[in-house]
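Chain naming follows the written order as A, B, C, D and E, and within any one chain the residues start at number 1.
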Amino acid sequence: MVENNDILTVQNLSRHFGGVKALDNLNVNIYKNNIHGIIGPNGAGKTTFFNVVTGILEPTRGEIYFRNKRIDNLNVEEIAKMGISRTFQKGSIVEDMNVVNNVKAAMYLYNDINPIKDFFLRHFSISKREKDMREKALESLKFVGLEGYSNRWADDLMWVERQLLQLARAIVVNPNLIMLDEPASGMDSKETEWVKDIIKKINRRGITVIVISHDVNLVMDLCDRITAINFGTKLSEGKPGEIKNDPDLLEAYLGE
Amino acid sequence: MEFFIAQVLNGLSLGSIYVLLVTGFNLMLLVAKIIQFAYPQFVVISMYATWAVLRATNNVILAILVTIVVSIFLNLLSEPIFRRITSIKGTDINATFVASIGLSMVLVEIMSHSLNQGFPISFSDNWVGGSVFRYGIINISRSSIFAWVGGIIVVVAFFYLLYRTMVGRLFRAIAENRHVAKLFGIPIFKTSIMSYLIAGLLGGFIALLLSMLIGTASPWLGESVALKVLAVSIVAGLGNLKGGLFVGLALGVVESVAIGYVAGSWSNVIAFVIMLIVILAKPKGLFGAAVE
Amino acid sequence: AQDEVAVDTWEIHFLNSVTGPIASIGEYMSWSANYAAAKINEEGGIRGKPVEIVIHDTGVQPDKGIEEMSKIVDDVLVVMGPVPEAVIMAAVPLAVRNGLFCMTSSTSYEYTVEYFPWTLSWYPPTEEKLPPVTELWAEENPEMEKVVQFVEKWAAWPGMAGAHTIGLNNKNVKVIDVEVPKDAVEFSSLVVKALAEDPDGFVLTCNPDKAGKIIKELVNRGWEEKDNILVFSSADDTALYTTGGDALNGISIYNYIDPDSENERWLNFKQEYKEDHDGKNPGSLATNYYDSVYMIKEAIEEGKLTGDPAKLAEERIKIRDYCRNVENFKGIQITWSMNEGLPTSKPIFLFEIIDGEKQLIGKSR
Amino acid sequence: MNNNGTTFLKMNNVNVFYDSIQALKNISLEVAKSEFVVLIGANGAGKSTLLKSILNIQAPKGSINFKGKELTKLHTDEIVANGISIIPEGHLIFNSMSVLENLQLGTYHGKKKEQSIENIFGYFPILRERKEQTAGTLSGGEQQMLSIGRGLLSDPELILVDEPSLGLAPKIVNDIFDILVKLNNVGYTILLSEQNAKKSLEIADRAYVLETGNIVMEGQADDLLNDEEIKDAYLGGSI
Amino acid sequence: MSSTLMYFLGFSMTYILMAWSIYLPYRVKHLHFLAVATMAVTSYMGGILSVNFGWSFLPTLLLSIVIGALISYLISHTIGNAPTFTVVIVGITFVFIIKTAIENTDYLGGTIGLFGIPVLDHPLIILFAFLLVIGYFLYRIDHSRIGRAASVIFTDENLAKSMGIKPKQIGMLFQTISGGIAGSAGVFYAFFVGSLFPDFFTFHLIGTLMTILFIGGYTTMWGVIPAALILRGVPMILPSSIASWRLLIYGVLLVAIIATKPKGLITKKMLWELLKKRSGS
């Protein structure tokens, strides 16, 4: 049992796919209320790291603690329930729904009660609770700058809008930890700035953020600490200033 | 013991019917990503063609040619329908399933109204061929041997075609994602036509083998096996050619042996319960699905 | 005047199964009805007006039967059909509730008795009529001690199989049933199962094309005593002859049609039927709807019915009462009478198939 | 402009619609043989649409001429066979096929076949290691490499490249830009669409700037790099 | 009311009910043909209870809902989150089992069928009222967090899980409700038609229900309503002279609709746009 100030502690984490060691004895500590960057070349294992932490993939070996509770043996839903929310690299949204319902869908655990009870009880509190959820959803859409979009059908959204929608969905549940997989990919510099601001705002709410990005500027500007990984293991870790000068990293990642 | 062996051999004959049909069915999944529930009907209509030519001319070569041409023609006729369905964004593979149910209905109606006044057809004994080996109640017919050999050849040949040749890759590429295939510069229309053409060729071949193996055909023949063909494909793993071979034969054997020991109508139940257990243990099919 | 005909044509509606697994039987039943109508029209129609058969297809689906019945139940004078049993069970109650008489003739007594007097039966009860035939067959082949009966569990067939067994048991012949699955396409395992019982003969109570294939398989596996194979009546269909082919030579089959009837109507009927059906003989149920149409004609003429919608209920009853107690009705083959919906005397004939033609070997009552 | 007289690619008054939305408005653009041209513009400006219209994936109205042939009348596969290939946005590959099979499909229109697959492995060694892996399970970046590799295999004369840097680590981005320059040097003509304006202007010969479906500026890359307006709008804070 | 109209409406409503029991689990990609087997069970149960034990309609209905739901609930433990085609095989297996069991049970009428079930006096009113109740129930599900969760599962199961949604739980819930609806549909069928036949509850019915679902549109519960009306209505207006070509016409219609609108006649987006326009203007 680990007792410390980390929100997330990862010890000796490995995940293999056949011969491919996507994660190999990875050790990472994420501090509370930090914005933590994960960088690394393509195929380094960053997305796999997210998948294992959130329970989508089972680790081959290793331990994961979230707020000092062991979670590597829990399944995805239980982990989500503990207050970890995330976005996906491939822009997963529900296309057959409008935007605001996409956000409401993410509030599945909001005011969690047994679904059957929920169904019957809802008859007496329909309007209030639904209104409540809608308000929250609209608020978080506004938060990411999609206020005009609530009534659009989701399959009409462009890539950037999808990315923002994912963000809105991730924050609406008031998580303790948000994991963002390339939140600014495919965005131009203005939009990237916008995403940066959103992430900072999220962090100011007291939510810890882990962000994967290839945009070095974004990571350096934004993050309190950064972990660079390569071949599934940690290459270096530290404050942006420190990591900037790490020769290994420069070689592997920036090619300089 | 003799009884058991006889039933196993019978089962292998029955199983080769399933193998042949499931190979055609899987081919459609692999080359076009459709659930082609009407494929057995195409085969049956082609059998009618064989019969008609044999009856009119007694010319074997001509019968074979016409059968294959009819089968190709039918498959090509269905191509625009399925191409249309699959090219619309966000459609479900189940939509092709439903469309092919509709197609199957149309074909059965045409057969039952227009071909031989709805009566079954029957192939002459010298086409069907007698037995090559008999010992007590054990019997192996010439047509079973044709079907076993044909079944294996078909599976191997199509496996090779699909996984080892450029044409096969093109087929699978289009089946997986038309949009990307277009970006790759793959001639969608030409390739799609070609894949249905090959499926038609296979269908003709199957029709010839079945005409020998079953010796008769009726408008209902396709319907009575279509569900099992679907089940075999699912249990083997959708689109898995090798799996189809083994599970098809296994189903035939299970049914035959089951018929040997329980009342006929329960043999279906036994076969399906076994398949049910298998699929629950291995939800992606015994041999793994080749199509998502 | 009061009983002037109020219609331009007499439409006789026929709920038939012209698609689906028994479509080929449905076809010749439709053919017979249309043939009868054509004859009647040649002879001047019914009360001077032509008659027209309107076919409704129900397949073998009960719900389709109800739906088709619901379309006509408010308006028509009488209805022929429905067929087969499942559709009868589903659709006849609707007709009964609305006071409409159904001539559901393809089937046996068991399915119509429930609805007497709103329907009639063309044959006496199965358990009365079939055992004597199998007894006759057993007498013809006295060496048989044990037979295997292939039974397909569909509609009336299990009941008929039971009746066959009663007859054979009466003659001390043991019967072992082998069930034929409805969706079977290949019969070697069934035949092996049957042969493993080491029987002296076979009874086939199943779909005609399956019966043909089973016989072929038996012959392929070396069965030689052909007259020890008996095929039941409903299988006397083109399908049997198609799939059985030469293998049928020598087997026994029973049927309700008198091959030796010298009735001119029958001879014409048979000839025209053959012309339209590639030279095949009419099947065992072919005559019923010919007779139905004529019986309706007689009922209309005797009762001076008008077809006037205003008198519908009353005229429906008149048809019903005429048909169910008709006396000395001149059928296409024989003349017979009905008593409360049941025929009083109708024989069954036992044949041997020789060169694809039936040769009479006996007759039972 | 290193225009050697013959037109290579010439778009004249091209309009493209998505149903009722007009995504490109009266686009006229020229690319000479062996030229490296870049399209820059914000998200949704129409860069991808422009590239797609050349391949007739999104049907264009107007005229697009390639080496004397009118492309608007040809099907996509014929256009590819004529020597244009696209490396699409968002690593579009066949997810259920292996890496090798994806590459083999790329050689469909090409002539050199296996030999050039070896070349691709030379550019992207990781792909060799992942040769038998199902392409859908590659990491995002690996998929993009695969996509580029595959695009080169059809032996194109003109390569349309749509945002190759999307989702790639800086090192790989550099590598890819190097590869593009190399390809250009050996004679391939390149039309690149890119968000990363600075980097692409640095390596390109010429550039077009797109804004809401219009070409608002064109010129030598160096000139644009120093243009104040461009600096403001596209080179922004980013290095 | 003419008999034609009455039976048209009655059948349409019964089929809508049946199609809904297939629709709901399809919200999470389950083609739950077990519902068809369930209908067979409860319709026969209803028939036996009323013919042999004199039960009246209402208690039979209630019991059937419970039994139907129970069957599906028990089996949903194994297939609550199974892939589409696994669920298909399970359904088909049970269809075969139930059909074979009925055919071999003389008490249930065997292959001949069970008949003489007292039909309802006012079937349309009762059916309509029941449809309203079920319709409201489904509408509530669709517009609740469970409905939204289902849409997420349909799109991407991993996405759903990472939102805390338990696909298996939702799958089980939907399958159970589907079983309940199927249970009621069986009883309605029995008490509307008055006779039962084992062959009815087989692939033919599966095909019909799939057709209704896909022609109508599987993304919304409303699709099955026009689809059932069309499929029952077209043969009604066809003249008898082409009656024997009915199935052909039906098949052509099916192919034509799927080929032009593979998501069905009515989609969620379409309804939503319609509503938006109305409320917008």
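Annotations
The criterion applied here is as follows: contacts are C-beta pairs under 8 Å (C-beta built on N, C-alpha and C of every residue); 3 or more make two chains touch, one makes a residue touch a chain.
This is a predicted model, so every value here is computed, not measured.
Chains that touch both chain C and chain E are the following: B.
Farthest from chain B, judged by the mean position of CA atoms in each chain, is A.
Once the centre of each chain is set as its mean CA position, chain D and chain E turn out to be 51 Å apart. Rounded to a whole number, the gap between the C-alpha centres of chain A and chain E is 40 angstrom. Separating the CA-averaged centres of chain B and chain D is a span of 44 Å. Annotation: 74 Å between the Cα-based centres of chain A and chain C. Each of residues 19, 153 in chain C touches at least two other chains.
Residue numbers of chain E whose C-beta contacts span two or more other chains: 103-104, 244, 247. The part of chain E that touches chain B in the complex is made up of residues 31, 78-79, 82-86, 88-90, 92-93, 96-97, 100, 103-104, 203, 207, 210-211, 214-215, 218, 244-245, 247-248, 250-255, 258-260, 262-263. The residues of chain E lying in touch with chain A in their complex are 140-141, 144-146, 148-149, 151-152, 154-156, 158-159, 161-166, 169-170, 173, 219, 267-269, 272-273, 276. In the complex of the two chains, the chain A residues touching chain E come out as 54-56, 75-77, 80-81, 85-86, 88, 92-98, 101, 104-110, 112, 115-116, 118-119, 122-123, 133, 151, 153, 155, 169, 173. Contact residues on chain B toward chain D in their complex (touch as defined above): 166, 169-170, 172-173, 176-177, 179-180, 182-190, 291-292. Interface residues of chain D facing chain A in the complex, by the touch rule stated above, are 42-44, 89-90, 126, 130, 133, 137-142, 144-145, 163, 166-175, 195, 234-239.
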